[in-house]
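Below is a structure I'd like to ask you about.
Should a chain be cited, it is by its letter among A, B, C, D, E, F and G, assigned in written order, with residues numbered from 1 in that chain.
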Amino acid sequence: MDEGSRPLDTLNHARGKNVMLDLKNGVSYIGKLKAFDIHINIVLEDAEERKDGTVTRKLGTVFVRGDTITIISPA
Amino acid sequence: MDEGSRPLDTLNHARGKNVMLDLKNGVSYIGKLKAFDIHINIVLEDAEERKDGTVTRKLGTVFVRGDTITIISPA
Amino acid sequence: MDEGSRPLDTLNHARGKNVMLDLKNGVSYIGKLKAFDIHINIVLEDAEERKDGTVTRKLGTVFVRGDTITIISPA
Amino acid sequence: MDEGSRPLDTLNHARGKNVMLDLKNGVSYIGKLKAFDIHINIVLEDAEERKDGTVTRKLGTVFVRGDTITIISPA
Amino acid sequence: MDEGSRPLDTLNHARGKNVMLDLKNGVSYIGKLKAFDIHINIVLEDAEERKDGTVTRKLGTVFVRGDTITIISPA
Amino acid sequence: MDEGSRPLDTLNHARGKNVMLDLKNGVSYIGKLKAFDIHINIVLEDAEERKDGTVTRKLGTVFVRGDTITIISPA
Amino acid sequence: MDEGSRPLDTLNHARGKNVMLDLKNGVSYIGKLKAFDIHINIVLEDAEERKDGTVTRKLGTVFVRGDTITIISPA
């Protein structure tokens, strides 16, 4: 398996960039990816919460528990 | 990985500060972060429960089981 | 991490005291905390069950499986 | 931790006695506690199934998978 | 703990006998218990599927994933 | 425990044969069993998807995540 | 067990090819398979999201958490 072929490498390349997390409950969080671990627990900075495309809260730093996440994509 | 780049470090920096926990069932708990572990089990002090933005209970110290939590953010 | 900073320490301090357990299904159990383990399995003594604030059953000793619990708070 | 302070000790003391198991799906099983393990898998003898307080089935010996159980109490 | 006091011993004694498996989705499978493992994955032979007491399918050999099972009882 | 008495042995005997997988979401996949692992992750070849008995998609090779499966039976 | 008989081998053969991921919430993601791990966490490139067969978002690179996936098939 070559470097870059593991999913966590993709998260590592996204550090410091804006990402969007979609949760199982339909809520999304957009912010700068500060930290993650093997459980896919994520910390975002300058984060905001969105429901149905509308910003519902400004959160600053937010810790998102990995098992609630469905996808992570560039924002 | 530099110091501060792990999600639990972010929780560690929040010790003694007010945080808000959102649960999978839509309830939130706001209080001072006293303790946490790798399962994201959390203990808050001087905690209150909120539903739809309204305070529903004053709880004092509360232990929140990690697997019910979606996000943790500054309060 | 200093003594008292782990969530299970908080449960340990609550031994022999009355606590309230809220479950994922919306039911609560109130009783004296007799025992717990790392899975947050809990045994209460002199326990009663409450739904929507009303006592629905007197249970005596009750074993509550940890993965059904959302929060534990003083009662 | 003294003898008797672990949740499984409480189950051990209940061997051979009648207990009631409440399941996540709202069904209850009442019978003599024959066996259990660390997953809280349970075997009852002379068991019956109850829904809303009514006996719906006589089951004899029944194996109940631990992860479906919410509480175990004396019957 | 004496021989026979563990839940898997009860399943072992049921090998070759007819058992009924109730699943979390409300469907039941009745057949001869051929095999099981520690995850409570089960293989039945000469199995049939029942919903609300009515036979809905004849399945021959069926593998049932353990985490979908609520109870196992003699059929 | 004799050879053949473990659930995974039953899956092993089914390699290369047509099987039906029922999923927790009510969808079924029918195809030739190519591969499986201890998590019951399954690969089918020449697979088709069925809902309520009707073929909804032809999929060729399909990887089915084990934790979504309820039963596996001959097709 | 011969080479190629394990489910992850099938994923490995699909690297660099277009695949479709179906999620438990009914949403699908189609893109080029870049990376996966033993938890079936997946990274797709040039990915798009589809609901009920309609493209709802262009996502570029997307990380999909394994426990939300039901099936993976060629696209």
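The definition used in the following text is that a contact is a pair of C-beta atoms (placed from the backbone, for glycine too) under 8 Å apart; a residue touches a chain by one contact, two chains touch by 3 or more.
The shown structure was predicted, so the numbers you read here are calculated from the model rather than taken from an experiment.
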Query raised in the report: Going by the stated contact rule, which chains contact subunit E and subunit G alike?
Result: F
Query raised in the report: How far, in degrees, do you have to turn subunit A to put its CA atoms on top of subunit G, rounded to the nearest 5?
Result: 50
Report summary line: When centres are defined as mean Cα positions, the distance from subunit B to subunit D in whole Å is 33
**Report entry** Multi-chain contact residues (two or more partners), subunit E
**Finding:** 67
Requested in this report: Using the touch rule from the top, order the ring's chains starting at subunit B and going via subunit C.
Outcome: B, C, D, E, F, G, A
Requested in this report: Can you check the complex and tell me which residues of subunit E touch subunit F?
Outcome: 15, 23, 25, 27, 29, 34-37, 41-43, 47, 59-65, 67-68
Query - Footprint of subunit E on subunit F - complex, ascending - result: 4-11, 24, 40, 66-67, 69-74
